[in-house]
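Below you'll find the structures, each written out as structure tokens.
Each of the next two complexes has chain A plus one more chain, namely chain B in the first and chain C in the second.
Moving on, here comes the complex of A and B:
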């Protein structure tokens, strides 16, 4: 920081305070302010545009039949029920693996590790893991779960691949939630004679449960929409004939997001656009739902466990 | 009694530490396995099939069924689409980061911030679909093309997808600049814009670099959003308005068709390895940028 500052020539009084160009400087400032406001509004505009566009295109598709019906092989009028089910099923499987591992490692890094080699290595590994592109993770899942384990395309293989993909984000969420707990809580608990683990488990974790839940639900939203990592691990077809709602983790499980990709790419049905627009709208609405749920539940839990609004 | 309980607490403490450290160890094992598996499968093309690394990287002769595995067109496609995304999304993201850190009134920030979080949450395949149905036709009409699938479309979609990353990280980078620097600059008579461009941006430069690098990392690995709007033509890109292919889009398109054990499949794994190496390189670059700061 100091070096960056030193590298910038210090603004001199004439440069900044010369009255001759004071007016033009003020005008530049105004224009810049206006541009920054415009840029920021663009984000909101884009979001509204996307949601509005998908509502216009997809709303007519949405029906009880579309949301619960099975996909068809070649005729029009198929639904996405099993795909939505698979999305939730793989999400839950993924969370079962991700949350315990990520919360434990987050607790270790935030509360236990004071520094040292192991912490550095774990942190570097997590950062590296976080940048592995989702398609590359999918190929790793293909090599390990599909090929080496001979599982073929399975919901479990997909979930384990997504676990690897989302562990770093979930760990960060944990670290941030724990970092928000005031140090005085730790001191008070240790001062009462609690051990470190008792402090972490009974004081820090309950105090952090609100933000932690918010984070977990937000990451869940991303898991729900993940596509590239699933195409070659969980597969891109529904297990036809086994009943639409298949709980066997060793069966192929095409999710809604994968279905959106697949229907565009190689479906034989004549109403591809209808199904794709409907799926895209459902996915968008789910993003909204996950975000709202994350905030509401997080706030409720914070109130219940810490008494703070 | 007290002794027994203290003993139990002590034992719990040790078990907890072992469990927590094992969970942390999973990260190390995972990245090591990923690197190992991809390094092994991704170099098979060069060891096993004796295809030259030079041709893989620099030839755009891709005819996978006849043993030609020049991936230069895909490498170029990935780099150009990513470059375009950074050219658009980088400055825009930093500008919006500046807005949130320096300008935004609390109420405006609390209205805009959720919008950014929603943009993060939109699945990549939905971005691709939006690009395909909203942007691609618009490009076709604007430039009078038969088809709007192009590098330009991919670059624009990617620039929107990296925006949230760049915005929130550059905002964080600007917020850690001490208030005293802003006050000092204002006391010298600088306008807010002068303070931003001459004091804040230079002071936050390494943090802003990290924001942009992570944007690059997100863009280069993005798959479906790119695949859906790029047109998937294995041609070396010479114009932003032509259809092209990227490393990621080619992998996702062909992986299902490539026969096991073939040079074709090995070449796809080589492309995945290349993506992984780029991602790791970016991580090292970030480490370097952050070390320079401290």
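Moving on, here comes the complex of A and C:
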């Protein structure tokens, strides 16, 4: 044993750091790290470039008058106030329909359906629904709400179309939020003699409220920016003549995103570019705000309901 | 085996639970074969055996926790005070109310210490604030945790140490006033000091409760239990008073395990 040890040459510093194989592997490792870092940085760079571009183009348009004023038919100087209002109005209507259905169905799939055919059917339906292009969903809305129901272009029709479009995503968000709750909480609660519903309501939901809220707000950002599904359902004109800020769900309601599409297509105003750039910037900033709010509120709620940072 | 257990239990001790011909399946896998056990009232019954022998599986059958595991199936009879808890007329929720469970890893809810303790009473309908306060204090005292947490009841339970969390989980079980407490290796995730606190606590608890505890440590079984049952490969091999099991086991397999031949 002692001889065997003595026979093995002691490793030298050169031996540890110097073999050409080790050196080339180290170089490859560094190159790989650098490439991956570059790819990740590119994402940040593209975002900043994009925001910067929109700011340069649109910042000069932004004024109190632009944000609150009404669009004009033919003369320059129109605003997008009612369009912003309509965007929020349709978003809230959509959330009123989407959140309860999505949260309940997601909860059923995650907490109640233990395998089985019905779970598969619901899951498959949701996934299929998720792959329907939004313009196709918009045409469906046109056929059902606008034509068959004789509602014409309405905020409600738009919101219901958006509900169909976003149910799968919202359901997925719910399932993922609930799946993140440790199974030990369920065991503990059931072990204390709680019913399934008590466990879900008192333990699972409060524990999942942070990620759930984050998910809901992120989907809200998408709803806010949705265009194709709304052109043929909520319509492409502000409720002229009825007052710009109109709460009637059966009135036409052009959103900011639809307005942006429409202004370049058929607006008669001379300052089309100004309005388009301004609208694009407002839309972009709003969607970014949704993303930031999603993170902040989600974290706050997690701390509030679970005491975890 | 039933005869053995009856012969070793002093005749003055009534049986709190009786398990007869218990079979447990996970899908087609038979995890427990025809287990029979009488559990004396207000004593500590330890379940020992090597990993995978089915002792935890057996324990979870005693308050119908397997109902929550898809694919698990329990056959045979488990009675609490003579009533079969698997009878179709029995609500599993009521069973778990009377037979509480403490798990291997401390699993407090992500709520305050106070909310953790009163969770059980609240879901069973107690709304009176003063009574909830009283239940919380009583349960925390019984779990030997009150002095350590009385000034921070509204702090998150997750800020407590592992040992404190486990005693909190015991307090949470005590708060629903069960008759039987099942413990699944409650000290296996704890350091020696926290472990000894839990063991002292179990000694106190048996004055009022029937305790059935799974442990992987034979020393622990010897220290805390009055009766011991030995499991091997999905079978309950032998039951007896703890001193009998450790000094004069009747079955060769029990003796091999006790003397460290396997496990």
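The criterion applied here is as follows: the second predicted complex is superposed on the first by the 272 of 309 C-alpha atoms of A that agree within 3 Å, B and C clash if a C-alpha of one lies under 4 Å from a C-alpha of the other, contacts with A are read in each partner's own complex, and residues count from 1 in each chain.
The criterion applied here is as follows: contacts are C-beta pairs under 8 Å (C-beta built on N, C-alpha and C of every residue); 3 or more make two chains touch, one makes a residue touch a chain.
The structure displayed is predicted, hence computed values, not measured ones.
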Exercise. When the two structures are laid over each other on chain A, do chain B and chain C clash or fit?
Worked result: fit
Exercise. Who does A:54 touch here: chain B (first), chain C (second), both, or neither?
Worked result: first
Exercise. After superposition on the shared chain, which partner residues are touched by A:305: those of chain B (first), chain C (second), both, or neither?
Worked result: second
For this session: With the two complexes superposed on chain A, say which partner A:268 touches: chain B (first), chain C (second), both, or neither.
Result: neither
For this session: Go through the superposed model and pick first if A:96 touches only chain B, second if only chain C, both, or neither.
Result: neither
For this session: Return first, second, both or neither, reflecting whether A:198 touches chain B, chain C, both chains, or no partner chain.
Result: both
Exercise. Touching A:184, do we find chain B (first), chain C (second), both, or neither?
Worked result: second
Exercise. Should A:296 be classified as contacting the first partner (chain B), the second (chain C), both, or neither?
Worked result: neither
Exercise. Of chain B and chain C, which one touches more residues of chain A?
Worked result: B
Problem set entry | Partner chain(s) touched by A:284 [first = chain B, second = chain C, both, neither] | first
Exercise. Given the touch rule stated above, what does A:260 touch, chain B (first), chain C (second), both, or neither?
Worked result: first
Problem set entry | Closest approach of chain C to chain B (Cα atoms, Å) | 8
For this session: Check chain A for residues that touch chain B in one structure and chain C in the other, and list them.
Result: 195, 198
Exercise. Residues of chain A touching chain C in their complex?
Worked result: 114-115, 182, 184-195, 198, 202-203, 206-207, 305-308
Exercise. Taking the complex as given, what residues does chain A use to touch chain B?
Worked result: 1, 3-5, 7-8, 11, 13, 16-17, 25-26, 28-29, 32-33, 35-37, 39-40, 42-44, 46-47, 49-50, 53-54, 57, 100-102, 104-105, 107-109, 112-113, 118, 121-122, 124-129, 131-137, 139-140, 142-144, 147, 164, 167-168, 171, 195-198, 200-201, 218, 221-222, 224-228, 231-232, 236, 257-258, 260-261, 264, 276-277, 280, 283-284, 287-288, 290-291
Problem set entry | Interface residues, chain B side, partner chain A - complex | 9-10, 12-13, 16-17, 19-28, 30-34, 37-38, 41, 92, 95-96, 98-100, 103-104, 108, 111-112, 114-126, 128-130, 132-134, 160, 163, 167, 177, 181, 185, 188-194, 196, 198-199, 202-206, 214, 217, 220-224, 227-228, 248, 251-252, 255-256, 260, 268-269, 272, 275-276, 279-280, 282-283, 286-287, 292-293
Problem set entry | chain C - residues contacting chain A, complex | 63, 65, 68, 70, 93-94, 96-98, 100-101, 103, 105, 107-112, 119-120, 122-124, 155-159, 169, 172-173, 176
